[in-house]
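Structure record follows, encoded as structure tokens.
Chains here go by letter, A, B, C, D and E, matching the order in which they are written, and residues are numbered from 1 within each.
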Amino acid sequence: MMAIKTEPFVLNIGPVHPSTHGVFRMRATLDGEVIVNLEPVFGYLHRGIEKLAEERTYTGIIPLTDRLDYLASMSNNLAYVLAVEKLAGISIPERAEYLRVIIAELQRIASHLIAVGAFLNDCGAFFTPFLYMFREREKIVDLFEMLSGQRLLYNYMRIGGFTQDIPDEFLPALDKFVKQMPSFIDEYDYLLKENEILLARAKGVGILPKELAINISASGPVLRASGVKWDIRKVDPYSIYDRFEFDIPTGTAGDCYDRYRVRVEEMRQSLRIIRQAMEQLPAGPIRSEVPHLVRPPAGEAYGHIEAPKGELGFYLVSDNSIAPYRCHIRAPSLLNLTALRDMMIGWKIQDAIIIFGSIDITMGEVDR
Amino acid sequence: MEVVQRYIYSDTELDRTESEAIEALKENSQQPIPDPDRWLDEELERNILLTSLDTILDWARRSSLWPAICFPACCAFELIAANASRFDLSRFGMEILRASPRQADLMITAGTLTWKMAPQVKRIYDQMAEPKWVIAMGACGISGGIFRSSYNVVPGYNRIVPVDVYVPGCPPRPEALIHGIRMLQNKIAKEHTNIKLSPL
Amino acid sequence: MKFERYGKGIAKGLTVTIRHLLRHPVTAQYPEQRLNVSRRTRGNELIWDKEKCTGCATCAKTCPQGVIHIITSVSAEENKYVVEKFEMDTGYCISCGLCVEACPYEALFMGYAFERAKYQRGELVQADEMLLASAKRRPSGYMHPEIASELPRQTLLVERITEEK
Amino acid sequence: MAIVDSAPTALGRLETLPSDWPVGFWSHWGVFTVVIIAFVLLMVMGFIWLERRGMGRMQARLGPNRAGPFGLLQPVADAIKVLLKENITPAQGDKIVHWLAPVVVFAPTLMIFAVVPFSDGALLADLNVGILYVVAISSISALGVFMAGWASSNKYSLVGAMRNIAAVVSYEIPLVVAIASVVLLTGSLSMNDIVLAQHIPFILLQPLGFLIFFISGCAEINRSPFDLMEADSELVAGFHIEYSGMRFAMFYLAEYSEAVIISAIITTLFLGGWRGPVLPPWLWFIVKVFIVFFVMVWTRTTLPRVRIDQLMALAWKFLFPLALINLFITGIELLTWPEALPWVMILVNIAITAVLVLLWSKFFKLGWGRVEV
Amino acid sequence: MTVSLSAWDVANQIKEQFPDAVSEINDQAILVRSESLFEVAQYLKNRPELNFDYLNYISAVDYFDYFELVYQLISINHNHSLILKTRCYGRDNPTLPSLVSLWRGADFQEREIYDLIGITFKGHPNLKRIVLWDGFQGHPLRKDYL
């Protein structure tokens, strides 16, 4: 029998591709449909945020941080203001702490909704779960719009608290949302959790072993799906997270399905935290006295939070001027992609798409 | 399967050609492309020019604007929100997001454009079949927005593609985008087309 | 694929979509049906109060990217600044609201309207008289609670019962 | 009749069909050609409208409602716009093949309607090998798809076309075997006779056959969950990625007219075709076609896409053996109890289907994860 | 709570092994000589009491005279952290050992530093520009880049 001569070919997936969640590019070398090599190419959304931050005031950077992970602007704001507050030694009022927790958890739900919806969309469920998730996200966006006046890039947090106190109609609306949401999560689970096709597509695909996950500095749901119980909210509680009861959902296999499930469970846990925070929310001021132009003493600080995508940290170096000397961003999306090549080699293009979708990245954060 | 050595390591050849394309485009697009305004003159004469065939054609074109995929950054999510259940662009027949630029009519430039991305966007625009329109969505699309002073950001899509409608905002609300799309539809309604049927 | 559950999962999914078919959609048909935006909305323009403005240019200094151009001259008789030109580019503004927050004389507001699309790039630059408040250019309640309380209540998707539990 | 008599002898064989028509063969031919083209175009528009509106409602939104009343003119607007868009041929593509491919894809879909009965005897050609003709002709479009994929000189389109060939070749087999069991029941290959034989719809007598036919039909025409050749989120637009303007319109049309065909054949084979009380036969036919298509829209809205090796495995490991067993059982039933009461047979067949599907589901293992094809 | 290990204690442990490695110690961080960075990192990772298996982030700061690299190491098992710093002198061709062989999480971060600050990491398997294109002039995050 004569052997057929075959040759691998290079397929460019991206930068403009429906499933690259922005402008990511993968140079995949394929043998038939099987990926034999893959090289991620970044930088199509590199806007130089770290450089721009060096020439802006500490407050003026907050709009920049909005645009990092634009699906979780509030989390970015939170991470940044925590870093600055650590750097300048500012304490914030109790009410603001609670509101920060509520808002950060709402933002986590919103971001996970998109992540889960986009992942299912990548699996090929023709926009339906995505649109359902988007509808739910719209409710959170409404709440955030009520607070900040914008729908996507909120710019709501300030060093020392918030811009404005929450309006009167916020808490009743939040209460309604918290009551409605669990039944929606159940409904989504009913829609696709046990779907045979989804199980076949996602289970056992794109396995990220525990050791590798730690070694590549993965964080967030990607790390937890691999079975590492590592959540900054628990292991290094920032803000007032040590006052709430919640569990850290972890996966076992570290495959796409686990990552999807971990996100869904985290949404439930976030609702739990919001409920507790709403009960305990004290009255009082919303912002501590902070000068208009913050001038932290020379030094350095690293503030980090458990953002929806993973550990988001800001490493700030101050030289006692109104702008940071250096603002380094530890972007979870970028680091989670480190093992992309290992996870994808040997799988088909279709798997590559869902593996990529299950990592849940935002290009604004990857490239910065 | 044995894989040829050159596929394993990153392909520097591809990097070099990409780099050349970026530099060339950067060189050639230092000035903004003027906004198309020929249709404004046509508007004056449209009573004479706009035939009933044009009316039907323009109706068809504005009723089924299929957006191409060009979603670099943040505004994309307001665009998707406009497409999603609550605002539902599909009412205007726009829910078919053609992933292939060949079949799309409208490019909604949702997001910051970097120089590294610029050749790709230019290419998408060139690949779109006539007639085609561009909506510059958001501050980054119009002027570079907050990132204008950055070393890697194109100050506005009108440096590389002609823009029909500018929708300001950072990001614009979905309603604002729909308003922009309706403005574009009004513009299309006034266009006169010389039909040249290309052979099948 | 492994039909461990004999296609039960697929059937469950099908029931969810068919139930949605019978529910009322959540769509607001925009040009006809409008959602009330947030009272604090940061619309696509600035509203400038010429009377209150002292020309201190705090807004221009606070703006993270220098959208606002303000040219003042000193008026000898009244011993104060006279604003000769106040210009901003809505196509460049990111509506972050920092200028409104910073203004010490409450002379600057975010706009309430958002439909500000234009056909020409040049039309997006607004100056002086164009920035004043009018019936079509209402200020929003961002950082101005007294205005916010007069604006209509925001439409919320949570309050609309779209699905029975 | 004089005109029929003067018809060329080559067509003489078909002459027997339309003896009751006023001007004989030619008018029959002319009327039905026009009717079929109009029917296909209208049905495609109806399908596009149904799909977009129905899918919209299932996704908690409205769907197109601006162009015309209820958005009914949306497909018309799309059609006019697409037809008058620029035609682009890739510089490195094969020009002739690129030009020919849409025609090769679209023409067979019209041809199939020659044998689909709209009412008793109301069909262009009552071929005595009708269903065989359908199977034969419908495979031609796969060739067109491959031509398109290859001539575009685009990797995505090539991969899409490859997938399509693989899917069509695999799913043709369970499809034909499922048809065979229907043919066993009727004893005739003619579509008209198949409908006439259905005093009770064959979906009840052949539930397993229907299931197999429906799944492989969906796969054949690349409806979700088997829409691998277009696979929006993976292959961008699949084989027609480089097509624009009128040629893209032909692909779009072909895609939906294939859906019309599969719906029509399912209606004819399993749902009793044009049979039904009260309403006129052609209306029953259209209603049934729409119902079948609605189920396709429904599954498309709900289900994720399968992987290419799973697609293959489903055809070869699940559907093919089941189809064979179904054929075997149908044969045995016909031999042993030819006189059995229909309702007994219905119960027996449904029970057999349930047992078989459950059993096969138990044994059917693709294995999670990596599968080398 | 992630415990920040006392830099003095850890520095003493390092000094036992590598007497010349540590050049400066303050409350938060240990400053290591760039030549012995790799050995120290390897020691920190493999020593069971420390077991820094997680490289949280790498940052580089341009101080005109030198570039300061900041490594935050975390041990998932012991839940403690340590900041390791090193300095890299010279602006023309600053070079440091790469830590990719220890923590693969360093991969993209080192590439990014190479791209934006212009520090070459010896031993990195695929050191090329990550976010900018090949022909880009200069390194934007350097303080003298305009």
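In this text, a contact is a pair of C-beta atoms (placed from the backbone, for glycine too) under 8 Å apart; a residue touches a chain by one contact, two chains touch by 3 or more.
These numbers come from a predicted model, not from an experiment.
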| query | Which chains are in contact with both chain B and chain E? | reply | A
| What is the graph distance from chain C to chain E, where chains are linked when they touch? | 2
| remark: Joint neighbours (chain A and chain C) are B, D
| note | Of C-D and B-C, the pair with more C-beta contacts is B-C
| task | Just grab the chain with the largest centre-to-centre distance to chain A, centres being mean Cα coordinates. | result | D
| request: Name the chain whose C-alpha centroid is most distant from the C-alpha centroid of chain E. | output: D
| Between chain A and chain B, what's the gap in Å when you average each chain's C-alpha atoms? | 28
| When the C-alpha atoms of chain A and chain E are each averaged to a single point, how far apart are the two points in Å? | 26
| field | Mean-CA-position distance for chain D and chain A (Å) | value | 44
| request: Please report how many Å separate the Cα centroid of chain B from that of chain D, as a whole number. | output: 37
| So which stretches of chain E touch two or more other chains? | 131-133, 140, 145
| message | Could you pull out the residues of chain B that touch at least 2 other chains? | response | 10, 84-86, 88, 91, 99, 116, 146, 149, 151-152, 170, 173-174
| query | For chain A, which residues are shared contacts with two or more other chains? | reply | 17-18, 43, 46, 48, 51, 63-64, 128, 131-132, 135, 138, 153, 191-192, 195, 197-198, 200
| query | What chain-chain pairs meet the touch criterion? | reply | A-B, A-C, A-D, A-E, B-C, B-D, B-E, C-D
| message | Using the touch definition from the top, list the residues of chain B that touch chain C in their complex. | response | 32, 35, 37, 85-88, 91, 139, 142-146, 148-149, 156, 158, 163-170, 172-176, 178-180, 182-183, 187
| Interface residues, chain C side, partner chain D - complex | 1-4, 6-7, 10, 13-14, 16-18, 20-21, 23, 25-27, 29, 162
| query | What part of chain D is in contact with chain A in the complex they form? | reply | 55, 58-61, 155-156, 159, 224-225, 227-228, 231-236, 300-310, 366, 368-370, 373
| Across the complex, what residues on chain C touch chain A? | 1-5, 7-10, 12-13, 15-17, 20, 26, 37-42, 62, 64, 94-98, 101-102, 110, 140, 142-143, 145, 148, 153-159, 165
| Considering the complex alone, what residue numbers of chain A touch chain B? | 6-8, 10, 15-18, 22-23, 27, 29, 31, 36-37, 39, 43-49, 51-52, 55, 63-64, 67, 70-71, 114, 130-132, 134-135, 138, 141, 151-153, 363-364
